[in-house]
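Before anything else, here is the set of structures, which you'll find just below.
Below, chain A partners chain B and then partners chain C, in two separate complexes.
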Partner chain A sequence: MSIATFASRLYLAAVFFFVFLPIGASVVFSFNSDRFPTLPLASFTFEWYAKAFSDDKIWDAFRNSVAVSLTAAAMSTFIGFSTAYTDFRYGFRFKAAYLALALLPPTIPLVIMGLAMLAWLSQIGLSGTLFGIIAAHTVLGSPFAMAVCRLRLHQMDPSLEAAAWNLGASEWATMRHVVLPFSAPALISAFCLTAAVSFDEFAVAWFVSGLNRTVPVAILEILQGNVDPQINAIGTVVFITSMTLVVIAQTIFMRRNRNG
Partner chain B sequence: MDNPLVSFTGVSKRFGQVWAVKSLDLSITRGEFVALMGPSGCGKTTTLRMLAGLEEPTEGTISIGGRVMNGVAAHERDTPMVWQSLALFPFLNVRENVEFGLKMRGVAKEERTSRAKEWLDRLGMSDFGDRGIEQLSGGQKQRVALARSLVTEPEMLLLDEPLSALDAHLVIRMQGVLSSLQRELGITFVYVTHSQSEAFSMADRVVIMGDGEIAQIGPPREIYRRPATRFVAEFVGRNNIFEGEARGNSLHSPLGTLPLPVTAFGPAVMAVAADRVSANRDRPGEGPSVKGRFLSEEFSGTSILCYFEGSDGSTIKAQVDEEALDLLAPSHGEVFWISWSTDAAHLVGS
Partner chain C sequence: MATSSRYAFTWRLPMLIWQAAFFVVPLVFMAAISFWLVKNYRMEPDFILKNWSKMLGRGFFWDAYWITLWRASLAALVISLIAFPASYSLAYKVSESVRRWAVFFLIVPFFTSYLVRAYAWQVILAENGVVNAVLGQVGLGPFTMLNTGFGAMIGYLTLTLPLVIVLQTFSLSGVDRNQIEAAWNLGCSPLRTIVQVIVPSARVGLIIGAVFCFILTFGDFVSPFYLGGSKPPTLSILIIDTTKSGQQWPRAAVVALIMIATLFCTAFAAVSAAYRKRTR
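Showing the complex of A and B:
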């Protein structure tokens, strides 16, 4: 191994170390019986998990988060796929503007997005409702879903749809029997990815959630009160949930792409 | 051709500012093997796609079996096609691919399975029904594509350069498979290709297209021996082209005065097939002759094509067999007499 290769691997290892150290620390302290995060560690305990999950407010927050992320993921995937398919299939004037608009949301700072959502949703009476958070997270998730679906559609032989029509399939039958099966790995990936985005998202949820807190908002409220190791326990659960979704998304997408 | 299966009447197709096909008239009879051939961009694929309903003609009408097909959607036609990319469905296995057309037509499960099996058997693919598409070789995919198109038992099969992705030895094998299938089934094949050997070896009639128009229609041999235009003579290859001024029964060309097979006046182009000329070292052979400087030779299987340069810089080709070449033993730059008999010459339109 040359020095350059060694140095670049060391650098990569250092990057991962610094990224995962705080999360790793949080996981470790979630099982530590000491109230304050200090070394050396005291004894192993499930106390903080037991405490966190005996709290009705935390259960409510989890239920809200699951409902919001599943619904927002389904809607994001639908909108993202539709946008990507429109781009794949049709040429029209202002297509560049259409694509720019579809990919715009991630470029807006979350605080601005949160404020704007709050203002708009309260105008139409949805502020503080779960549906408001779902709408906001759908806006955030759709561009990711579109990017994933677009990658997959670009791998599709353009003759594939024409071949289906040629064999007697109408446009709808072609969508159902050819385009959707071909895109299935991307649809699953997009669903997992946008569910993870929604499950983790704090800023916009904090602005629009009101009394219907999601997990990240509930964490902040506990944090504002005092230093409580419950947060480590909840944080670990959130981290594992999100990572699992992202890993599923990646493996499905990568494996299917290799197979063609 | 009183009862054609397909007829194109004054069909044109425009893409933006470009006319891909210009007022095309063509009739195809039942059971005929027709090849549409021409250089890329000549409109042959557009013509085929219009027949399949994948493109709508800008002008003119296309009818199939007497029914005008303008405005009939692709999925409502019975014109299955074998694609250049094959376009097999990668997420379905071999049997499901073959069953697709039947499924879309609402054929019941048991019948679909038995008909798909029948066609896979027929094309020697019976052991591959459960395989994924990616597990097949090029030739096997080709057979699956054929089975998928033929399983609905159409009156006509469209083929868009289906052999262009195959290795040379497989092309010859698949040509055999296609020819015998077409004869056994007795259905119409419309075959698009840029390959002269594919078109000439399989088709009953060849349609040569250039620049969106039909340049010549005829049996392979007629096109080869009697090219209608200079474009056809050059595209078909192995033709010597002599250009000049016709004055009665002779052509005044930069290479000298050459006798014409017919009487003509004005600017004219004469073609002589390379396999009808001979090269001699010391004196001209029988019939009209021109001088040419030997350039190179090219082996192509059984025959050899020798290239000469005429006094005006034009290229003259002579096809000889190996024995004749050994006797001739030409060296580069040596001058030969190139001769042919007058009846081998053919006056083409310019």
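Showing the complex of A and C:
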């Protein structure tokens, strides 16, 4: 191995070390008895997990998070799929503006989305409700769902639909028996990804949640108090939840794409 | 088969309706309340310029504006430079399957809680934290890293580095290999090949990576607050303080609108620079 290759491998390793250091550290600290962890590590403990799991507020937040992320994911996936299908199937005037509107939300800082949603939801009497968080997370998730669905539809032969119509199927029947089955892996992936996005989102949720905290909002509120290692315990559980969703999304999308 | 319009609109409308109700209208409404009056902690529809003059006439607003702009610009530049060697290795020096796995692992952090990662850095960088413990072994430190610009930059790196590397890797992979090999065959040194062949060809992707880095760091409040010490506050911290403690939503809306205007101008300038014809 030449020096240049070695140096570039070392650099890559350093970058990945930096990226995964906080994630790994938080998992390690979650089992470490020190309140202010340092090296060498103190003894092994489940104390922080016990503390987090015996906290009713955390359980309430967890139930809210699950309800919000499943609903927001279902709605994001539906909106994302219908937008992707429109883009795939139709050309029309102002289509560029239509797509720009669909893809714009990630460019607006979350704090600003939070403020705008808070002001608007208070105006229409929905602030502090779970629906408010769901509405905002659907906006944030649908561009990702659209991207995933669009990638899949891109692999579908457009004449497949035409063939079904020629054989006498209506557009609705074609959607049900041809397009949807073909898109199924993308729909599942999009659902998992947007659920993960919603499950981790804290800025907008913090502005609009009121008393209905989600897990990241609960973490944010603990963070504002003192140093508290139960954040690491909660973070590790959240990490495992999100990762499970992402890995499911990835394997389903990759496997079906290879076969299909 | 003639397209039925009912079918077409079934797929076209959901996004329009939802984005209108919960994206466009909230932002427009926010712009409107920036002209409203706050009286006894309640907002009343009005058309006054007081919120704008109160914010824009204050020194602390402009301090926050410049520190936010400076930090986001610095982050876009520094993080692009840190990402480049890694993206270069991923695009040219590793096999296809290694590249795919590397991109997958760079997307993973995006789905982990940024708050928890920032908290982990708080512990790692603390005065008697992990980094200072390691440095202490070789007789260095302790260094103060929390509540400084350095701490905020570590947070920005955590937030954006993986994304910037992914975007750069995609754009570098798209450069025509023949061009690179031609440059080498003609005796061009590796460094000169990068500067004169690779960077110009991959320019659009590199600039888009930097723009995303700028957008994310410009709007982030976690790193400047929990790692940067929030003195001086950035614009996003100013929005939170103004909204949460003072109930002064109209003034927070002014800050938000100025942020959106700055972001759009920056993104527009950068993207038009990216797509400008090379003059040579």
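Here is the rule we use: the second predicted complex is superposed on the first by the 250 of 260 C-alpha atoms of A that agree within 3 Å, B and C clash if a C-alpha of one lies under 4 Å from a C-alpha of the other, contacts with A are read in each partner's own complex, and residues count from 1 in each chain.
Here, a contact is a pair of C-beta atoms (placed from the backbone, for glycine too) under 8 Å apart; a residue touches a chain by one contact, two chains touch by 3 or more.
All values reported here derive from a predicted model rather than from experimental measurement.
> For A:Ser159, using the defined touch cut-off, is the partner it touches chain B, chain C, both, or neither? Pick first, second, both or neither.
After superposing on A, A:Ser159 lies in contact with chain B but is clear of chain C.
> With the two complexes superposed on chain A, say which partner A:Ser142 touches: chain B (first), chain C (second), both, or neither.
Touch partner of A:Ser142: chain C, not chain B.
> Just chain B (first), just chain C (second), both, or neither: which does A:Asn226 touch?
neither
> Once the structures are superposed on A, label A:Leu167 by its partner contacts, choosing first (chain B), second (chain C), both or neither.
first
> Looking at the overlay, what does A:Phe182 touch: chain B (first), chain C (second), both, or neither?
In the superposition, A:Phe182 contacts chain B only.
> Among the partners chain B and chain C, which is in contact with a greater number of residues of chain A?
Between chain B and chain C, the winner on chain A residue contacts is C.
> Please indicate which partner A:Leu21 is in contact with in the superposed arrangement: first for chain B, second for chain C, both, or neither.
After superposing on A, A:Leu21 lies in contact with chain C but is clear of chain B.
> Which parts of chain A are touched by chain B and by chain C alike?
In chain A, residues 162, 165-166, 171 are touched by chain B and also by chain C.
> Chain B touches which residues of chain A in the complex?
157, 159-160, 162-171, 173, 177-178, 181-182, 184, 259-260
> If we count contacts the way the header does, which residues on chain B are in touch with chain A in the complex?
52-54, 73-76, 79-81, 83-85, 87, 89-92, 100-101, 103-105, 134, 148-149, 152
> In the complex, go through chain C and note every residue touching chain A.
Touching chain A from chain C are residues 1, 3-4, 7-8, 10-12, 14-16, 18-19, 21-27, 29-30, 33, 82-83, 85-86, 88-90, 93, 102, 104-109, 111-124, 126, 128-130, 132-134, 157-158, 161-162, 165, 215, 218-221, 226, 236, 239-240, 243, 249, 252-253, 256, 259-260, 263, 267.
> For chain A, which residues are in contact with chain C within the complex?
5, 8-9, 11-12, 15-16, 18-23, 25-26, 29, 36-39, 75, 78-79, 82-83, 85-86, 89-90, 98, 101-102, 104-105, 107-113, 115-121, 123, 135-136, 138-139, 142, 146, 162, 165-166, 171-172, 193, 196-197, 200, 202-203, 207, 216, 219-220, 223, 227, 231-232, 234-235, 238-239, 242-243, 245-246, 250
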